[in-house]
Each structure stands twice: as C-alpha cells, then as structure tokens.
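Note that the chains take the letters A, B, C and D in the order they are written out, and that residue 1 is the start of every chain.
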Amino acid sequence: MPPYFEASIKPRFSETDMRGHINNTVIPVWLADGRAALFREELGSRVPTMVVNLNVDFSRELHWGALVTARTAVEKIGNSSIRFVQELWQNEQRCVQARTTVVTLDMETRKPVRIPDRERSLLAPYLITDEG
Amino acid sequence: MPPYFEASIKPRFSETDMRGHINNTVIPVWLADGRAALFREELGSRVPTMVVNLNVDFSRELHWGALVTARTAVEKIGNSSIRFVQELWQNEQRCVQARTTVVTLDMETRKPVRIPDRERSLLAPYLITDEG
Amino acid sequence: MPPYFEASIKPRFSETDMRGHINNTVIPVWLADGRAALFREELGSRVPTMVVNLNVDFSRELHWGALVTARTAVEKIGNSSIRFVQELWQNEQRCVQARTTVVTLDMETRKPVRIPDRERSLLAPYLITDEG
Amino acid sequence: MPPYFEASIKPRFSETDMRGHINNTVIPVWLADGRAALFREELGSRVPTMVVNLNVDFSRELHWGALVTARTAVEKIGNSSIRFVQELWQNEQRCVQARTTVVTLDMETRKPVRIPDRERSLLAPYLITDEG
C-alpha cells in the first residue's frame, strides 16, 4: 500500500504569471499546504517545525483551472529531522517532485530538539520503506 | 508644495498573472510598502498600527518591467485613526488611487489608542490641506 | 432566503504575520477566491472580468488554525459592472466586509463591454434585493 | 575577485509569519528577485527561462526590519541550462544558500533551447571557477 497522503489544492488566479502558468515561487506554498494537511490536520501534531532544506524538481508546468493533488510521504525520520517527499499532480500527470527537510523545534531556544515519540508513531504509516 | 512622499517599487515577475499584467491582489501589498516607506523608514515611527479600511480604485493596468512610484500622503488624522491617501504611478500615468485607514494600537489589549503627539508632529508635513 | 453563496477557505501558515494574525494584504486574495468560487466554479462563467474598485472593512482579526467562510452576493448589476458584496466569517464572527466592483472585459480591446444576458441570469439568484 | 552580483531586498511586513520571522515560502521569491536583478536588469537579457530545480538551505532565520543582500553567481552553464548559486545575507550573517537551475526556453514550443552566445558572454564574469 503506498504511504502517500493526498490533499487537494485549488490553484488561485493570482498564482498564475504572465507566462500563463503557475509561477514557480507558488510551488513551495503548495508543498507547505500539503505537509500541513498531513502533519497538522490529519495527524493532529502541534509540535513546531522549521524548514532547513527544500529541494524541488519542476518537470511540467501547472495551470489554473484544474485541481492539484499534493501527495506527501516521509522518507526519513532522524533525531530531530523529518524528510518529507512530495509530489504535485495535475490532470493525471506528475508535475513536481520535492524533498523538504524540517526539524522539530524548541520554541524558547529556537534550537532543534528530538522528535517526540508520539510524532514518530503518527508518521510511521507514511514512511516509505524499500518495499513501499 | 505637494505633501506626497514618494517610494519606488520594482514589480516582481511572480506578481504578474496570466492576463499579462500585475494581479489586483498585489496592489494592497505595494500600498502597504508605500505606507511603511513613509511611516516606518522615513519618519522612524515604531507605533503599531492596524488597517481598518482599504479602498482602492484601479484605473489602469500595471505591468512588469517598469518601476512603480508609490505616492503617500495623509488625508486625515483622528483620535486613533490615520487616513492615508496613495497613488501608484507607472510610465508617468496614474494607475491606482487608494485610501487606507489605520488605527494606532495598544499591543497588549489590541485596542485602538490615541495617536501619540510625536507621530502627529511627524505626519503633519504630509497632511493634505485645502491648499495642498 | 439569503442570496449569499458560501465558500470555505483554509488559512495558510504563510498568510500569518509577526502580529500573530492573518496579514491584511491576504484578505483581497481570499475575497478573489470567494468571487471565483461563485462566478467561475458554481455558475461556470468564463467571461473575463477586471477589478475596478475594492473596498474592505476589517472589523476583527482573522487567525490561522480555523476555517474561514467567504459569503458572496451581488449588490448591483450595471451595464458592464458587477458589484459583489462579501463577508469573511471565522469562529461564527464576521471579521471582514467588502465590496468589489468588477467590469466584464473584451480581451482584445481590454475595454469594458456589456455583461452578457447569460451572466445576468446566472447572477440573478444572488442579487440582494430590499427584501433579501 | 568574487563573481557574486549583489542586490538589495527590503523585507515586507506581510512576509513575516506568526513565528516572528520571514516565512520560508518567501525565500524563493527573493531568490527569483536576485536572479532577475542580475540576468534581466544588470545584463539586460530578455531570453525566457524556466526554473527546473530549486534547492535551498535555510541556516538562519531572517527578520523584518533590516535589509537583505542577495548574492548571485553562476556555477555551471550547460547546453540549455544555467545553474545559479545564491546566498541571502542579513546583519552580516549568511542565512540562506541556494542553487537554482533554469533552462532557456523557446516560447512557442515551450521546450529548452541552446543558450544563445550573447547570454554565455554576459554570464561569463559571474561564473565561479576553481579559483573564484
């Protein structure tokens, strides 16, 4: 069973640019939406996180007027870091593939802290394994 | 002497839309930039404010590739409210005219408070009078 | 029967600002979403429009973490202009009230043209009357 | 002589988030600004490009209220691709490091085309060499 969590995103007209497609700077916003849909809404975690790396491959243009599906899974869970792997699909074609590494944060010190066991359990079903 | 304070704004490619012009939702961002250029940077005020009304007339399309001038003056100073009047110009044509009302804020109670005398003095040169 | 069309908007974390609430420049984006949800998605119109006036009253702060309902109705249908009246609600409180005037556009000349009869019929059920 | 081109960016209040810092989704917008400042404004190129990969390391939080310097150089010029390397600095500290790969585009076919010789010459002074 594929461990990807799917969330639906509706492109906004203001997210297009004069090339007639979705501007590339919008994609990280949609990826953040997709991660929040999994981590905040589906799993209910309130642990603060901060993005430390974002790596996005743009393989096809995205357009206004058709829903986008954000697929989000977890590639690696470290001591304080989580690496999400994500895809954006539109019209049954994969348009974007991305990896985002976040760290769980102590809000007082603003330093990375160990990921709580609860979050490790919550994320486990979305972890990509060699078979997954 | 016209009391307008002028700030320069460089349109971003991502602020265009598929119509080929600057999307209307970008204009309030530029207007906020223009007010900050006057109130925060030029006058040095650190008094927190909150927008309570925004009224924007769009008379001409704005485009990417040419600088925009934001002209900002003050139309009215009330007890806790300041009404800014602004214009956006591009290629020597006025494209947007706007009025924005902000209130000075007590950050603890988040309620409007009287505008400090210092801010009244700072804003005075930018107040539009019947002759101005 | 109230003629308001309701659309649901999920605030994004990136739409907050350091005051801890939704930044005021985000509101016009949500209002555009609400109008598109009615005019484009619900009614299926493809007639191009352009915003000529936007007038927004901000009465309460909006926050991240709770859905927002955008309520959209039509206040006036002119020759080429449509005035939408909108409200944004969060946690059962009205936070924003706005009026937006758009004109229907001929994309070649980029000039206003008469609103087609089809669009007049489509919008009629959402027109606020004295009794509505 | 370091080949980095420097552009100044003024953070907007609306680019902060409720964590009190610049939201991570803003960074790709600033990086695009920095590349445009070099490629479009300084070098005057009008060749259309499209981003195919964006890889951003966030090492320090950025804040509102202090100018940001975007430093942009070129790491590799391929047949149709240019890899920019960029840094964002604030308060004399490097906060972001990024690599962005763009391809030059034929606007009709929307396919990559060979980078014109003129653009190769224009970019040459900004190419990082082993000694650079």
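Keep in mind that, in the parts below, a contact is a pair of C-beta atoms (placed from the backbone, for glycine too) under 8 Å apart; a residue touches a chain by one contact, two chains touch by 3 or more.
Protein identities per chain, from UniProt: A, B, C, D = Acyl-CoA thioesterase.
No experiment lies behind these values; they were computed from the predicted model shown.
Participant: Of the chain pairs A-D and B-D, which one is connected by the greater count of C-beta contacts?
Facilitator: Taking the two pairs in turn, the one with more contacts turns out to be A-D.
Participant: Taking each chain's centre as the mean of its C-alpha atoms, which one ends up farthest from the centre of chain D?
Facilitator: C
Participant: What's the distance between the Cα centroids of chain B and chain D, rounded to whole Å?
Facilitator: For chain B versus chain D, the centre distance works out to 29 Å.
Participant: For chain A and chain B, what's the span in angstrom between their mean Cα positions?
Facilitator: Here the centre of chain B sits 36 Å away from the centre of chain A.
Participant: So what's the Cα centroid distance for chain A and chain D, whole Å?
Facilitator: About 23 Å, centre to centre.
Participant: At least two other chains touched by the same residue of chain A: list those residues.
Facilitator: In chain A, 13-14, 19, 24-25, 29, 32 touch at least two other chains.
Participant: Enumerate the contact residues on chain A facing chain D in the complex.
Facilitator: 19, 24-25, 27-29, 32, 48, 50-59, 61, 110
Participant: Write out the stretch or stretches of chain B touching chain A in their complex.
Facilitator: 13-14, 16-21, 23-26, 64
Participant: Using the touch definition up top, name the residues of chain A that touch chain C in the complex.
Facilitator: 12-14, 29, 32-33, 36
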